[in-house]
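What follows is subunit A paired twice: with subunit B in the first complex and subunit C in the second.
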Partner chain A sequence: MRPGAWRTVAGQELRDLWLGGRGLLLLLAFSVLVSVITYLGATSEGINFLEKRETVNLTLQVAVIFGALLALLVAADAISGERERGTLESLLLTPVPRRHLASGKLFAALSLWFAALIVAVPYIWFLGRDVGAVDDALVAGLLVGTLVAISLTAFGLIVSVLASSNRVSLSVSLFVLLALFAPTLLPGGAKQGWAGELFQRVNPMTAAEHYMRNVVIRQFDWTKELSWLVSPIVASVVLAIVAILVVPRFISLRGGSPG
Partner chain B sequence: MDRDVTLEVRGLKKAYGAVVAVEELSFTARAGEVVGLLGPNGAGKTTAIRVLTTIFAPTAGSFAVAGVPHTRPAEIRQRVGVLPESAGYPEQQTGAEYLRYHARLFGHSHASAHSTATALLDQVGLAERQGSRIGAYSRGMRQRLGIARALVNDPQVLFFDEPTLGLDPAGQRQVLRLVEGIARERGATVVLSTHFLGEVEDACARVLILNRGRVVAEGTVAEVTQRAAAPRRGRFRVPAELRDRALATLAAVPGLGDAQPLDGRPDWVAVSLEDARQIPAAQVKVSEAVRALADADIPLLAFELEGARLSDAFLAMTDEGSV
Partner chain C sequence: MSTTTAATRALSVSLLCLLVAVPVSAASSPVGISLSRTEVSTRLGESFNFDSEIRNTGTRPLSGLVAHLNVVGLDTDIYVDPEDWSEERTKNVASLGPGESTDVTWDVTAVTGGEAAIYVVVLPGDSPATAREGLAVSPAMDVRIAEAKNLNSGGVLPLALGVPALLAVAAIAVRRRRR
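Now for the complex of A and B:
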């Protein structure tokens, strides 16, 4: 088997996702959401410099969360969906190593995040051009969003391999995303003290949100607060390794059993 | 090992926890041979195929495909082609795109995948629909596409699991002709799992009957039939106005069971062959009956032998017969 079989899988997955229309549909929903956020931010009169940066940050957060969510949804369907549609068996009958199947599908799912980021660029430019926040927002968004997207996509793929059904896979993936995201909505007081900071740093979503806030609103240099990216980096590396090297051996016609 | 032997199975067992799906499965198959795999629902046919195609690992026993032992599954996958039972297809892909993708997964270059897909679509009669989305294909077209997919790696052994399920008679015939052609023209071994016993009688050189995961009969169709299903009754069609004479003539043949008219069919008479436990004995009795009718100048318009078909053997050897 050619070592680049994963590229063949990724190529077909990308065609199915984008030419098949599913990716475009998800991206359309995403752009509607970002448009609404941008419109609300742009039509608010009399907001000061800091509040404008808040608006840019809010739009960036929405782009990261929902861009990663789209990638998560596609990844969570990657194996369990094939299993339910009866198309997994023909893939397993090929000599392609299962880790190549997983890698190709992971790569294709991640493309949704990058597409979402590209869609978000003009909105961020429009909101941030007057306050010089565009570069900061795009660098922070690319860095943080990619780490979050890799973590969530890998997690979705892992769940998809192990879940007994597609419904379970999608439900578990969404539940975990919400559980990780919910603490970012807590009031500032809940994040005070060493326990609060530890809690923020350990959760990749709150750590990522904190980093973006510092770069976009407080105008810290993007290299200054890198310690806040430890948990997003660890999560993305560990989950990607598990998704590509460990879990593929469990890809089988029956969810969760070794192949 | 005999060079012609492409599939060698020894004491294969597959269990899911305490449930044994296949046990003590042993057989060999040769190049160009079509082997029928028969059995009622739950007999273990699909599990056996999934083990032999490396989808499931065996619990015990061994098998080899074209000399490659089951411990090297990736190499076996290069040598087998499979049409799985109830296979799904990506609706948004075209037939050509689907085949090209699978050819690429088997290591074909772009150009080779393209030419292979074109040739196979032509072979299965889908050349004109190669640009259509699979979602628009009929069930018969999907089955033919599945057969084409099973051929992308030019396999030495092919497994077809219920290839004609859900097809109309014309579609069944079309698929069956394809299967026979593949074995004949490519010299590949074909393992054909089916519920349609007529297909097996038509297409298969040998049959294996599975019941509750075990092989209960193996051999040619004639051997299996002879072993399990002795004829029970011979039925003769004669001109209706000569039926009573035919009854009297057959009744006078020594050793033949009672001759009876058939209810509602005024031109048929039946003779019991229950005493003839073996097919040769039954054949002698039938010959005597035919000769007696000819000697009496009674034209024989048709003849049927009940209880001497593969379906009778199937029912006698499996749980289906006890339902």
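Now for the complex of A and C:
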């Protein structure tokens, strides 16, 4: 067993993703979406300082959600997709431990998030330069977005291993993403009180959104409300451990839940 | 109808109209408000705070008072949405005995350039329309905000079209190379 086998897997997956063209096409769709949001935000008239920072935050939020979504889609296809394309068998025959296989695929899927963040940088700079929001937005986006992306990518990989088909894997992953994201759209009043705050803190997506909002719009120091990052950190660590150490032993040609 | 009766009715109606038309004199508030600052000069996007001292100048104890912060744009072209200026514009005031006072602190962010006025209103929380205590209003604080930053994000089109175009070119190049 080679200790760096995951790097070989990651290298192969990265080549497939980026030189195969799939990564660039996903990134192109992402950039069109962020372009539309930026255009609408930049051409709003009579916008004040706070609303301008809100526009930066909205663009950053879109970048984080959709950047993480791209990584999730690739991860959700990682094992179930190979299974349906009939390439999993040859992959399992290679002398690579399964957890290295999972790590390599996780790493490659995460590259989409980092690429999406790089694409989002000029948009954030353009919108945030007048209101001094560029540094805040980029630090918050890198920190929060990476945690969200790791959580979702690891979750997608877990589902991909356990799902009976690629369609099920993608559907479950998308459903969970939307279910976690939906509470961020609740009006402010619904988030008040201890139950509302607890719910916000427990859900990694709402906690991440709250943290970004405070840093970008309310100009809090990025170290001020780190407690809001507890659930994103816990989710990313736990899900990454499960995806790399626990679930790979269930990778099989047949798919479906273990047992 | 006799002339006397008609005249009496006309007089009654006139008196009624007069009674209705005369405004009810506003009750003088037993609350005095003073602000810790009379004027503020700041820059767009900067935050500042000030205290308002709320004093019971009457002879009865007061409870259930509510203090509210207001922002008014003084320039003709300034648009003010007070919610953007301060997140917490309404605060409950502790009970005040005669002669007692309390300080309420307000955090404000200057979100629009130009000249504005900020003032604090205190009103009774229970039945403010009929309470014996009327509204108490502080002196206005003059706020001048230097518009150091231009918020007009012109020229967005090259960026909005350029980034997707670059990625499209890269995607096409990768696809051709594969063939």
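FYI, the second predicted complex is superposed on the first by the 255 of 259 C-alpha atoms of A that agree within 3 Å, B and C clash if a C-alpha of one lies under 4 Å from a C-alpha of the other, contacts with A are read in each partner's own complex, and residues count from 1 in each chain.
Keep this in mind: a contact is a pair of C-beta atoms (placed from the backbone, for glycine too) under 8 Å apart; a residue touches a chain by one contact, two chains touch by 3 or more.
Please read all numbers here as calculations on a predicted model, not as lab measurements.
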| item | value |
| --- | --- |
| First, second, both or neither for A:S35, with subunit B first and subunit C second | second |
| Touching partner for A:G193 - first (subunit B), second (subunit C), both, neither | neither |
| Touching partner for A:V119 - first (subunit B), second (subunit C), both, neither | second |
| Comparison of subunit B and subunit C by subunit A residues contacted | C |
| First (subunit B), second (subunit C), both or neither touched by A:Q12 | first |
| Touching partner for A:G20 - first (subunit B), second (subunit C), both, neither | both |
| Subunit B versus subunit C as contact partner of A:T87, first or second or both or neither | first |
| First (subunit B), second (subunit C), both or neither touched by A:L253 | first |
| First (subunit B), second (subunit C), both or neither touched by A:E51 | second |
| Subunit C-contacting residues of subunit A that also contact subunit B | 19-21 |
| Touching residues (chain side subunit B, partner subunit A) in the complex | 50, 53-57, 74-75, 77-78, 80, 82, 84, 86-90, 92-93, 97, 101-102, 104-107, 149 |
| Subunit A contact footprint on subunit C (complex, rising order) | 44-45, 47, 79, 81, 84, 87, 109-112, 149-151, 153-154, 156-157, 159-161, 163-164, 167-168, 170-171, 174-175, 177-178 |
| Of all residues in subunit A, those that touch subunit C in their complex | 18-21, 24-25, 27-28, 31-32, 34-36, 38-39, 41-43, 46-52, 119, 122-123, 126-127, 130-132, 218-219 |
| Residue ranges of subunit A in contact with subunit B within the complex | 1-2, 5, 8-9, 12, 15-16, 19-21, 85-87, 89-97, 252-253, 258-259 |
